[in-house]
Amino acid sequence: MKRDCNILIAGGDMRQIYCARKLGGEMNTALIGFDEELLPVDMSGWTADTSQKRFYDCVVLPVVPLDANGLLSTPCSSSELRPEYIREMLRDDGIILAGKCDERLRSMFPEHEIEEYLTREELSLRNAVPTAEGAVQIALEELPVTLNGLRVLIVGMGRIGTALTAVLKGFGADITVAVRNETGAAKARIAGVRAVRTERAGADYDLVFNTVPGLVFDRERLSKFSPDTLFIDLASKPGGVDFEAARELGIGVIWALGLPGKTAPVTAGEMIAETVTAMIAERGRGE
Amino acid sequence: MKRDCNILIAGGDMRQIYCARKLGGEMNTALIGFDEELLPVDMSGWTADTSQKRFYDCVVLPVVPLDANGLLSTPCSSSELRPEYIREMLRDDGIILAGKCDERLRSMFPEHEIEEYLTREELSLRNAVPTAEGAVQIALEELPVTLNGLRVLIVGMGRIGTALTAVLKGFGADITVAVRNETGAAKARIAGVRAVRTERAGADYDLVFNTVPGLVFDRERLSKFSPDTLFIDLASKPGGVDFEAARELGIGVIWALGLPGKTAPVTAGEMIAETVTAMIAERGRGE
Amino acid sequence: MKRDCNILIAGGDMRQIYCARKLGGEMNTALIGFDEELLPVDMSGWTADTSQKRFYDCVVLPVVPLDANGLLSTPCSSSELRPEYIREMLRDDGIILAGKCDERLRSMFPEHEIEEYLTREELSLRNAVPTAEGAVQIALEELPVTLNGLRVLIVGMGRIGTALTAVLKGFGADITVAVRNETGAAKARIAGVRAVRTERAGADYDLVFNTVPGLVFDRERLSKFSPDTLFIDLASKPGGVDFEAARELGIGVIWALGLPGKTAPVTAGEMIAETVTAMIAERGRGE
Amino acid sequence: MKRDCNILIAGGDMRQIYCARKLGGEMNTALIGFDEELLPVDMSGWTADTSQKRFYDCVVLPVVPLDANGLLSTPCSSSELRPEYIREMLRDDGIILAGKCDERLRSMFPEHEIEEYLTREELSLRNAVPTAEGAVQIALEELPVTLNGLRVLIVGMGRIGTALTAVLKGFGADITVAVRNETGAAKARIAGVRAVRTERAGADYDLVFNTVPGLVFDRERLSKFSPDTLFIDLASKPGGVDFEAARELGIGVIWALGLPGKTAPVTAGEMIAETVTAMIAERGRGE
């Protein structure tokens, strides 16, 4: 028996489709902002009826809700998703869940509460897994050598650094983790790998994963690396590598963002669905 | 060159001796509350001269500072260590570092600031390693079977649970982790082991490690386990197992406290020394 | 100082180029059967001078020396590599090394000894690493879910099965190994994963790696698997899956052969070079 | 239903008792050479009736059948176990299984076939697990430091070296494996640890496990190690360490033999039982 809660998945990438499918098992779920032909066969007919005004209890916006132009992000649709559609379909006491929220988004929905789901601890923790797997996939694809025996530097021992370490240990890579403080060093030691302070990490590596937002590898530092080194930057916003300098130095850098949605959209979508379900339950909806 | 800081290690177990030795490499270090014959040969003569009044910048008390009688803990000494000795040797602006601090301890040193070192994140994190190793040592000693293939339940996926999981995976144990919430489950999945909610963990295990303070295994729950199951309880204070009920049911329980000091006093002592050094540096002492 | 040994790399894929580069550090090395423009810049001019008759001490043929038409395999050349070229360039007492050797190959070089390098234990063992990495790369690329938590069946606990198990454990996959006998089961247990007899392995898996040559998955058996299961077949010659039946059942199968040369040609080539060096040294050449 | 085979466990350590218990689930099993009070309660009455002449189809002798005096080994009995007892109780076509067999043993039973069970591949492989666990237990007990971060040398990458590597990796030890050839190096790399040729292994280690029979650590070599290094020698017969020289140099050496029977007698006994069952089945007995 489905719970008495109407939920609308509005825009986003493939993840949101699989999020919808998972939510559909428990709640009345519809989609908007996706071209019908991109939906799996078993989800045909899930597209929302826009004439149902004030119907939805909850709208789920994308992980990164707005695109570069400040519009609602709809990479799976050929048409724009206008905020007023959503406002009209949402109940007066309906809530909006978005991966992250900023002022621009808040101003689109001035009368509704917006909660972030990506900042929930369990989801950011779980997201580290597809991110690490996607990063390793890139390394496997790009490098003409095995990861086994490769000298790898992982910058940062947070969630993603920890997940990467576990995966790369399985490959038998020769791992060093660059950490900021004693806590990071302790985490590296527990994981059974070498720890070094970031500022003293050296340049003798074949592969570098950066997980720290903030310029870790500036021109001077990059110049000490061999041009054969591959950098995979997983840090959001500014990234941790001076891309300009790297290009001039002939060093390969791949700035890999949004990996969960690319490499494991089903898993990533289902994780969002589980977090959304928990957030709705906490608010007493759909009981 | 040694830093200009006089430090006094006052009481505690073997860990504090190795802490002193490590600190002695950088600072002027003395001991009180240890019988001379227990000290390693190279530390002979390190016992403090009690006539040096108002001399020490810093006193390091034990991890668990007070014993069951409310006295300063001195398991390595045949005589009592009286608080007034320490008060007299400490400078007026001297600081006291203790593993943990409570009202009783505070009332012994009303004029000095007391800071806790055991609650520092890097030390509690690092302490998880000797705790996990000591717990596994107990299991190896107690069980007539291999850990390889053994059905093990680890209750709690905090620092100790995480460290235990890593070690036991190396043995090829069949590990289930009992967790409280989705965050714990995510940690277990990242570690590559099964997660189950604590209340639904079942009883089909050969070995159970509890790391959660609070009664997890009450009589009713224990009665579902085979008498062959071994429980190793690593939780402080009340412990997580109803010891009385376990005895009546013929189930073996080992309540293992203070493992770092028992199984790896050198490592544990050196870790304390490093944290003490960091705390002194942060306060601008000994620069 | 280079050893006094002239060596000719004749045909093969990218691996042989990197094999040549590595050998070039120690011996006088030339290439034949590669288009000049495919060679790395630093190897320009390494193409053999075919007018040097009876010059080479050793010829290295490809891992799989003959193509489907029974000709010397030259995927990196637009022209044919005729056996008589090689015969003329080789010294009378020169030796031929080939990955594998059969009657057809032997009849091309009736006057020279041919030794196999792929059957050397250290090389077949080391080749398991790029094979396992390449297989995991395929799984990462094909599956829309994470390997973490995935139910994986590995058929066979030989070199490749063992290497795959180690890598997949790092991902936190839920691994079962299908084995033929008690020795295989013991290897699985030591690796810390579940073992099951192949005939009783069941069908509840999301991903299956086959490493056993011989029809393991016939039509009847395949019909028990979900169409969502992905099969990656690493077994040579006939393969272990009834491909015809799989297609009819809508089950995805990827038959992945020659992975070392595709996913890690540099590592694979250098491994060949090290084995070739050892074989030459054992024969007292180039000392 | 039990199989129609009468089996007699004759002498040996605790392992043989658990071997008997396991066999007793499938076959008619009795014991000789064990004092009744050492048997578990549920095995009371399992002692063989020596008046049953020519009754047993199979006799299982200990893993190491003869003691230092050349008598049948009966560490769990206060009286001698004379060969003639066994000869009389065994059927004319009965077989004898012994861990290992030599001329002395063969001359005790001139009319019966003796087969070795310890040399069976699956058993020697499986025995590596309790050996590795026992060796690690000794290290945990002896060392005042954590295995995490410890510089460990494992000499030999055979069954025991491989099992040790897996366990010690879980502890986060800093592992180097000393190998004899390229095959051993390949195994180490696959396991994700450093490999070094035994003769160039150096002496910068805190802990050394030797698994190679033959004098690896002679006086000259030992003299380069710090007296703080702990050697745990797992090699049989002569051992791999010059014990005399080590003592003079003040280096601690523990020669640990027969670990499976000491640290995991239940697992070790059950493994013997499974191998014995397989050997009997192969001979068509008890079908």
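We just call them A, B, C and D in the order they show up, numbering each chain from 1.
Quick note on the criterion: a contact is a pair of C-beta atoms (placed from the backbone, for glycine too) under 8 Å apart; a residue touches a chain by one contact, two chains touch by 3 or more.
Keep in mind that this is a model prediction, so the values were computed, not measured.
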Legend entry - Touching both chain C and chain D (chains): A, B
Legend entry - Label of the chain whose CA centroid is most distant from the centroid of chain A: D
Legend entry - More contacts between chains, B-D or A-D: B-D
Inset, instruction - Please work out the Cα centroid separation of chain B and chain D, and write it as a whole number of Å. - result: 36
Inset, instruction - Can you check how far apart chain A and chain D are, centre to centre, with Cα atoms defining each centre and the answer in Å? - result: 51
Legend entry - chain C: positions in contact with at least two other chains: 129, 148, 166, 169-172, 189-192
Legend entry - chain B to chain D touching residues, read off their complex: 14, 18, 129-130, 133-134, 136-137, 140-141, 143-148, 166-172, 263-267
Legend entry - chain A residues within the chain D interface of the complex: 148-149, 169-173, 189-193
Legend entry - Touching residues (chain side chain D, partner chain C) in the complex: 121-122, 125-126, 128-129, 162-163, 166, 181-183, 185-187, 189-192, 274-275, 278
